[in-house]
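Naming follows writing order (A, B, C and D), and every chain is counted from residue 1.
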């Protein structure tokens, strides 16, 4: 898989922040600007997935973050009222799309078709998975990034164990070494970020760890700083 | 039902143009500006339902049209990745939301809950229905506008017969006279618009009749002009 | 609505027992035989809704109970792998079908179409609803029986308040006096049954109150005895 | 994967007949008896997937065919009205279950969970797939049988090309040689069966080719005879 994407390239270490339905409009933009500044200073890639309606807002008012849609449909232009058209997502300024999150599961045929549609348009794909078997199955569909995230841990503040982290990375790389793996679930603070990256992860992310923090902006800085340091320390050994 | 909405009031005769997944971005905006100009000159209310990502674009660049979302979910702020949050739709500039279109059907409990969420936020609701029984059922849920549109005719260029038009209006008004009724399905040109309004309809609309016209901008003018004339002629008798 | 059904007529006071996915096969049949005996001795109508695969088992081995499917699809014979075909449900011995339960919600168009398919085949329909608005909406679709059951109370052991009971009955009868109303939610013992019937209900029912009882067979007798007594006492006044 | 199933073992050459929603009750049983007789005489394994309500009817009145459900849900015993409980399917006499047919697609997490539930209960799994990528993805989930069937060809009478047949078998066996592969789509007569088996397939199947034949019973014999002969000829070379 050597896809010639025209989206901005993401490289490890990277991070994903998913505002889900917690943030929108002005408050979303405010946090996005903090993320943008931190990402720039620390030189890390950060994917942010706002509500569909906020994609233009973030795309037009940030420079360094990667704005992805939370989901899109596989349909071609035409009928399909209420759908999220890939071309519209792209035109609004998104660089990629998240697919198959535990809160928006797709059937296998639709998932495969939506990844293909994204490839056609030069939209990157970040696909969520749960068990090791599901991760292998998704790797066969060749997305750009796989999120390895045990569903049972989402929003719990409990992180994946290190066996899961290493097994999932190994399983994906055995099928296709170009697919990047993001370790999700339960990242609550900078130390959690540090630990998972130090253990060998290429990327991680957080939703509730940031949104529900006493000071979300400070938590963004704490987590992204830990991301940078853990990665640099690991590679300097 | 005397809801104190803070959206701009819509009054007959009015029109709905649903770009579905046919138009997006620049081309959507271009047509929206034509609709905006025609609506202003002819003094008619026109609802336009763009892709979610285009709501800010249209809301910020038009004056007279009413921008509605194609759909939204009933969820409260919080979890719900991939959802369309009502607060986000509102913040992006939408005045209302279409619900239950034949291409995005909702179960009854969800439809009732979504209408309530819209009411809370001051978003207008335009709910699609098919048979006379379905229309009565939806009227019990008290949306602002009901679209009476036989599913079998969508996109066919064949209009509803006049018995259906009059029966559906009478059925809705018997349950709640404040609910407005829009007659959909099969409007292909200005004459179709004229006929359905002359027969007693308060409103009508078109998607493929405009999108697939040789000159969509000209068709917008033709249809909205017919809307104005038919309504004025009917009332001057 | 004077439908000439060829299913066995149900008359108040009646009861519904929904085994959901709690009971199947031999244990389901064992309880069904207890229900059948109690229904016969007490002369009350009882609807039992087993798993699809158990419809023949119950239809062939009971005499007095009314076997209904938990759900069916609206499709016509033909394609539709994985569907529940109305004709197959009928041929297997079901007299009717439950629709729109909180655990199997239908969109409004599908609900209306499925009620029509049931009418065509002479299958009775018992449609679940939640709020007063939803009850009015469903009444417009003319099912045989409406279950008025606040979703939030399902499985809680907390019963509906008496205002809800009386309001929902009045609302349905105002729209169509031939539709019967079953008061669901939170019936845990014979006293609960007695209270709701004494308050004016035509019917009630229970799932977890029976399935999770220390002695389900004894609870069946307790509830059906209370049903009979409450109804007779109410009418002898 | 050496699962110790207690279902009857299926071995190549085998066949699948899916009545979908075309056949039910007496007519379904009548055809099932023909299939049972032909399968016995020709010593071939045939999977038949009736409506849920007909599983007991076929399981109790046939000897040689393998009765599978058209679908089942992954839920555990408990709540879940309208669901198809795995334990109920098993108790009704099914040996296995079809999953993920083009008319009943499952999301990846649910598909993985349902295969695991089937494994727990000793139900065999036959999982439908479309493209080569989807086939690889499903192979990672370790079902017993994969149906390789280009969705676009279902019901068309046009068979898969031989490259697809050989590529899909090779892809599955590379991942797990114990998974058997059934080539679906477009089998209209005995010659089609002969060709696909002669080309190297382990199994094939038909729905509309049999149901819509002038004489479905004769077509069953024609297809199963071709299955036996093609396989024997291939192996005697």
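The rule is short, and it goes like this: a residue touches a chain if its C-beta (ideal position, glycine included) is under 8 Å from a C-beta of that chain, and two chains touch if they have at least 3 such contacts.
Owing to the predicted nature of the structure, the values given are computational and were not obtained by experimental measurement.
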| item | value |
| --- | --- |
| Smallest count of steps, each to a touching chain, taking chain B to chain D | 2 |
| Chain C-chain D separation of Cα centroids, rounded to whole Å | 36 |
| Centre-to-centre distance between chain C and chain A (centres being mean Cα positions), rounded to whole Å | 46 |
| Chain centre separation (chain B, chain C; CA means) in Å | 38 |
| Of all residues in chain C, the ones touching two or more other chains | 102 |
| Topology of the chain contact graph, where touching chains are joined (line, ring, star, complete, other) | ring |
| Contacting chain pairs - touch in the sense defined above | A-B, A-D, B-C, C-D |
| Residue ranges of chain D touching chain A (in the complex, touch as defined) | 100, 102, 105-112, 129-131, 133-134, 136-138, 140-142, 151 |
| Complex interface listing, chain B residues touching chain A | 18, 20-22, 24-26, 49, 51-57, 70-71, 75-85, 87-89, 91-92, 94, 98, 101-104, 155 |
